[in-house]
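As structure tokens, here come the structures.
You will see two complexes here that share chain A, one where it goes with chain B and one where it goes with chain C.
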Partner chain A sequence: MATASGGSEFVDKFPDEAAIVKASFLIAFVSLGIGAFFGLIQALHRTNVLRVIDSADYYTVLTGHGVLLAIVFTIFFLCGVFHWAVARSLDRPAESALFSWAWVGLMTTGTVLATVAILGGFVPNLGMSADVLFTFYAPLQAHPIFYIGLAMFIVGTWLAGADWFLSYRAWRKNHEDERIPLQTFMVLTTMIMWYVSTLGVAVSVVFFLIPWSLGLIESVNPLLTRTLFWYFGHPIVYFWLMPAYLLWYTVLPKLAGGRLFSDPLARVVFLLFLLLSTPVGIHHQYLDPGIAEGFKFIAMTNTMFLLLPSLLTAFTVVASVEHGARQRGGEGYLRWLGALPWRDPAFTGMALAGAMFAAGGFSGMINAGMNINYLIHNTLWVPGHFHLTVGTAVALTMMAGSYWLVPQVTGTKLYSRPIGLLQVIMWFVGMVFMSNAMHRAGLAGIPRRTAEPQYQNFEFLTPIGSIFELRVQIALGGTLLFLSVVLFLFNILLTSLGEESDRPVDSYLPEPLSGPEGSPRVLDNLAMWTGIAAVLVVLAYTLPLAGIIQNGGGLFGGGLPVPATVSAGFDLVATTVTSAFNTLWGVVA
Partner chain B sequence: MKLTKARALILIAFSVPVAIELRTVAGFFNVELPLIAVAVIEFLFLALLFVLYGLYGEGSESAA
Partner chain C sequence: MEIHAYEKLWLALALVLIVGFIGTITYGAAGAGIEMIDDEGGTVDPATLDQHPKFGDPGIERTGENSYDVYVVARQFVFEPGTTQPLRVPADSTVTFHVTAADVIHGFEVVGTNANTMAIPGQVSEFTVQFEEPGEYGMLCNEYCGSGHHVMEGKIVVMEQDEFDSWYEQQQADGEAEN
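And now, the complex of A and B:
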């Protein structure tokens, strides 16, 4: 890992990049504030504790909450972190500040358009709404502005990735035989995964949803748009997670007082996510008719393989943190935990986020299992799960990481460490209340995406406790989470307004215990890994998509015929794949 | 090991999931714990932590 910025602060060395990071963080944090407020309204509304909106507006709030937090907050923060990481680890500024501002501007414009369309749902006379939820596939239809805004946002992320690849290319000219610095390696592999996976949603939005919302085509094939969404909808989970992983692998060990345990293991993990993230999306569609059970089984199997990089991460990060604790004098099997720097909100927040991610991983395995998924499908269990993953592993890591990163790009000291510590612990406790109750409510059969989950002549039952207790826990948890966000924004705002400091934070990142020297150079062959990822996607999706198009009323639904050439192409692919499989099976047998 | 404010906060934080799922764990052994029992146990834990912090926490004579 390069340790370039050890001598001077990031903001002094790379002022243009620091400005880009600050702009990205600003939009991320504004979105976090609005999205968290919407979350509080939802939590109080559906638990019937306090209802300040009409139930019909619940879906406007829900869409705003999902889009602003799961897309805008996370990805803008990711862009800020990645821009910082590439400049820092390559020890060079971006090739063109103007180009960097172009992608920030495009993403911001897209965000504004999509947000205006969503908020338009509160004003019926406006004739503009986008109550399509974060999962914006057909048959729900939004105003064209919503889809156009999202398309601009996605293209903006593509340009951001191009910015980082250009930096890497320029660095490579003068460092022909060197290994890719670890942070840049993480950024590039994540962006390759993002390019591969966003193709699905780009096709869905540009070729189907925008023309459909504009009235240029009469209908779409709903299952096709759903499948294209989930083609992107699962890898986006890893797009959220990878900046958190980058911080866990490269910053958390330093905060703990130690070093990363193994650079090669970190590279293997990011490559496995590049390969395995995309060919799994169908596991979100276990209950969709129109997709053969065999394809769902393959998606489930691929999903279980994803446990490998997650478990490798658990081992590597915990080993690194334990090393740090022992460097600080920690001893014993577990007593070393007491030697960790729990006063530091950046460390404590990331450590708590990692601990909750373990719980989220376990509930994720339930989601991924084809048979047991039927028990919790579309219940409150699912939001309970992703509030542990994106809502805590990612969001809490991003907030905790901000306590270390924001001072680096503003040149000011953190306003208050005690408030920061209280904030991350409040998030942990709030999420324990809310997410645990959501999981339990899901097991009781309470549905998700419902404004009023109370039915006449029917009562949900829990094996232990009562539904009332669960509702109180969800409301209490949601309130604590909102207060935690308020504390965070308050702390960050006052930090950015503070006086400049010569050394606002110790930004030095030490070398890993086991560096990249001994690992195979093939790990850095990005072109080869991209090719393998593409082949896996083709194998996983060609036949399901062909079946969906042929059996689901064609490309545009509504019974419109598939053009003969396209149909013949599908037949050719199906025959070739079947023939190849039979040949392979014959060899194996 | 000194019981700092930060360590005490962490212990309180981790006591919450334990308290919430205490009835589930008790259920595995066919023990039905009422909600009030869980509240009392959590309160006793917090009181114990408070006492320990007073005895061995930052600024206490024992810690010094």
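And now, the complex of A and C:
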């Protein structure tokens, strides 16, 4: 510790944790760079502006783009933020640095294996590929090491969660009557949601896809593995979003010059996500055969209620930012907006991300609308939507947050604020071009996930503008987004190479206006909330899964490659669960 | 727990919005009668699709005065019928589609309409469409299904009733001649 003031900085106080955060961010940012480059290739290829690859290789690029950005970048960044947040808010180091490195190592190994399998798709002679996209729907098959890498990655995240729970348990011993610090509360509830939801993908990968890709079982039930994917595939959306929410609730108000409006409401919001994130996955399957309409209706209702925590967040975050603006001398109904620190890239990036999330929320309501969804299902509307949500609300918040977080773990000042500001604005502008065009292209029926959306038998028609104009906007937007990532990586790299500073950034976070004291303690009863979340999942999924297994060709699809006894056992379990559920339902209703 | 007045108001408005959304969707499903793809279509063994009474020789089949059944098989990278032969239907008719997949998961989208479904091996998607004016529609696969996914497309031709009738009778005659 060079000076007395240096001792209060995160990197000086928690050097081991800072190293873990740095390692997590490093892998996140390398993935971001590669994934964004793939995105550029796609934007130019599918609009027919520039085609440097074969159309058959487009799907290798697309798989890389999806996996590296939606899984590796987001989740490694989450791990960095959560590790920082737990150490900071509990004011204690992790229980074992070795254990922390173990999960970083496991997740990294998994990432490398899956990435090698994906990139193998470029080398036909290798006999290794994973052109199955981010959703890896069977019976499309990837090389076993893709699934094995994925499983290692998920287990790594479980260990990371265990790391944070161990910290919390150790903290609790000396703080018996205290409320869980807000940031730790956010981390723990998010991780419980993750444990509940990753069970689906773990079962799918470990029991079905790995044995099947190794040739140990002949076939899988495609609807079953697809349903198990979406059991996990919607909650992962909130796993991306929760670190962004953590930053919006606990960091953005400070950057705006104020403090969080309400701690209790923040807790309520995270609990709602814990409860409602998983029993909604079937809304990705509105157009699937083999799932009764009633189950789709339940998923739709839960999904609509999931709007609530996001609408509450909009209120609290805007109120906190307004409070900050007024602290800085802002006045009037809207004139206070001018008093905000718009020159700070961390603030501006998060604020723009939040604004875009509102737009993404509205397009998401269309997706969630069970019947209107038919118009846009699997069209370019859908990636248009999620580039506003995960692609901006999450990714731009993570990049903007990095301008404030990275200096805390490197101990160096941000290399350039103006470049940072340019970068976040460029992302916003690029996304305005690309995303509005994707939404409109979707309304014209142009499909997503395709190398050449130009067909022989028909032309797409658009009510306003032209298909050509949409293509230009997508290509232009994609190029701006890629350049924005280049600026970001360049800025972060030069930041980390800079000279150490005693006070790299103002890292103090003020207490909320309304603290946790006034809120019921039951909010902190994690065991109870976990139980309720589990019950909701059982209610939403038991019957659809039983139906898919019983009517859709059993656990393994196609004939019955399972020994009869095993299969009879599974049937028995399914029947028992179903009848138990029916009885329960009878009692309730 | 202290909840500020504006927070309460916002919470109430948010709930009204949510209930409103659920209400409109429920109306669309129950009132306006927009049907969902569900489990009504039943299941089929993808391995023996060729021997299936309907999917073995997919196409259109008259079931009533103005109503028809259409069986479509999606496989890498064609619709049968649709790709090599256009799928022909008569104008002013009610057509119930039965769509399945032979190999991997596909999508079935009639471009510019809300006729859209997943095609999953082992499952049959069933939905009913009203065709009115004669004309042509494009169809495409909207779920990634392999390296040739982008070439998977087809055409639906909506024909005048009498034109369709003579084509249909010819089809029936050809079919019987083959047997």
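Note that in this section the second predicted complex is superposed on the first by the 552 of 589 C-alpha atoms of A that agree within 3 Å, B and C clash if a C-alpha of one lies under 4 Å from a C-alpha of the other, contacts with A are read in each partner's own complex, and residues count from 1 in each chain.
Here is the rule we go by: a residue touches a chain if its C-beta (ideal position, glycine included) is under 8 Å from a C-beta of that chain, and two chains touch if they have at least 3 such contacts.
Everything quoted here is computed from the prediction, not taken from an experiment.
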item	value
Partner chain(s) touched by A:N525 [first = chain B, second = chain C, both, neither]	neither
Partner chain(s) touched by A:F458 [first = chain B, second = chain C, both, neither]	second
First (chain B), second (chain C), both or neither touched by A:S96	neither
Which superposed partner A:N48 touches (first chain B, second chain C, both, neither)	neither
Partner contacting more residues of chain A (chain B vs chain C)	C
First, second, both or neither for A:L421, with chain B first and chain C second	first
Contacts of A:W342 with chain B and chain C, given as first, second, both or neither	first
First, second, both or neither for A:P447, with chain B first and chain C second	second
Common ground on chain A, meaning residues reached by chain C in one complex and by chain B in the other	none
Chain B residues touching chain A - in the complex, by the definition given at the top	1, 4-7, 9-10, 12-13, 16-17, 20-21, 23-24, 27, 35
Complex interface listing, chain A residues touching chain C	55-56, 58-59, 62, 131, 133, 137, 139-140, 221-223, 226, 261-262, 264-265, 285-293, 296-297, 300-301, 304-305, 307-308, 311-312, 315-316, 319, 365, 368-372, 374-375, 377-379, 444-445, 447-453, 455-458, 460-461, 514, 518-520, 547, 551-553, 557-559
Chain B contact footprint on chain A (complex, rising order)	335, 338, 342-343, 348, 352, 421-422, 425, 428-429, 432-433, 436, 463-465, 469, 473
Sites on chain C touched by chain A in the complex	1-4, 6-7, 10-11, 14-15, 17-18, 21-22, 24-25, 28-29, 34, 36-39, 41-43, 45-47, 103-105, 107, 109, 111-112, 114-118, 120-126, 136-151, 153-155
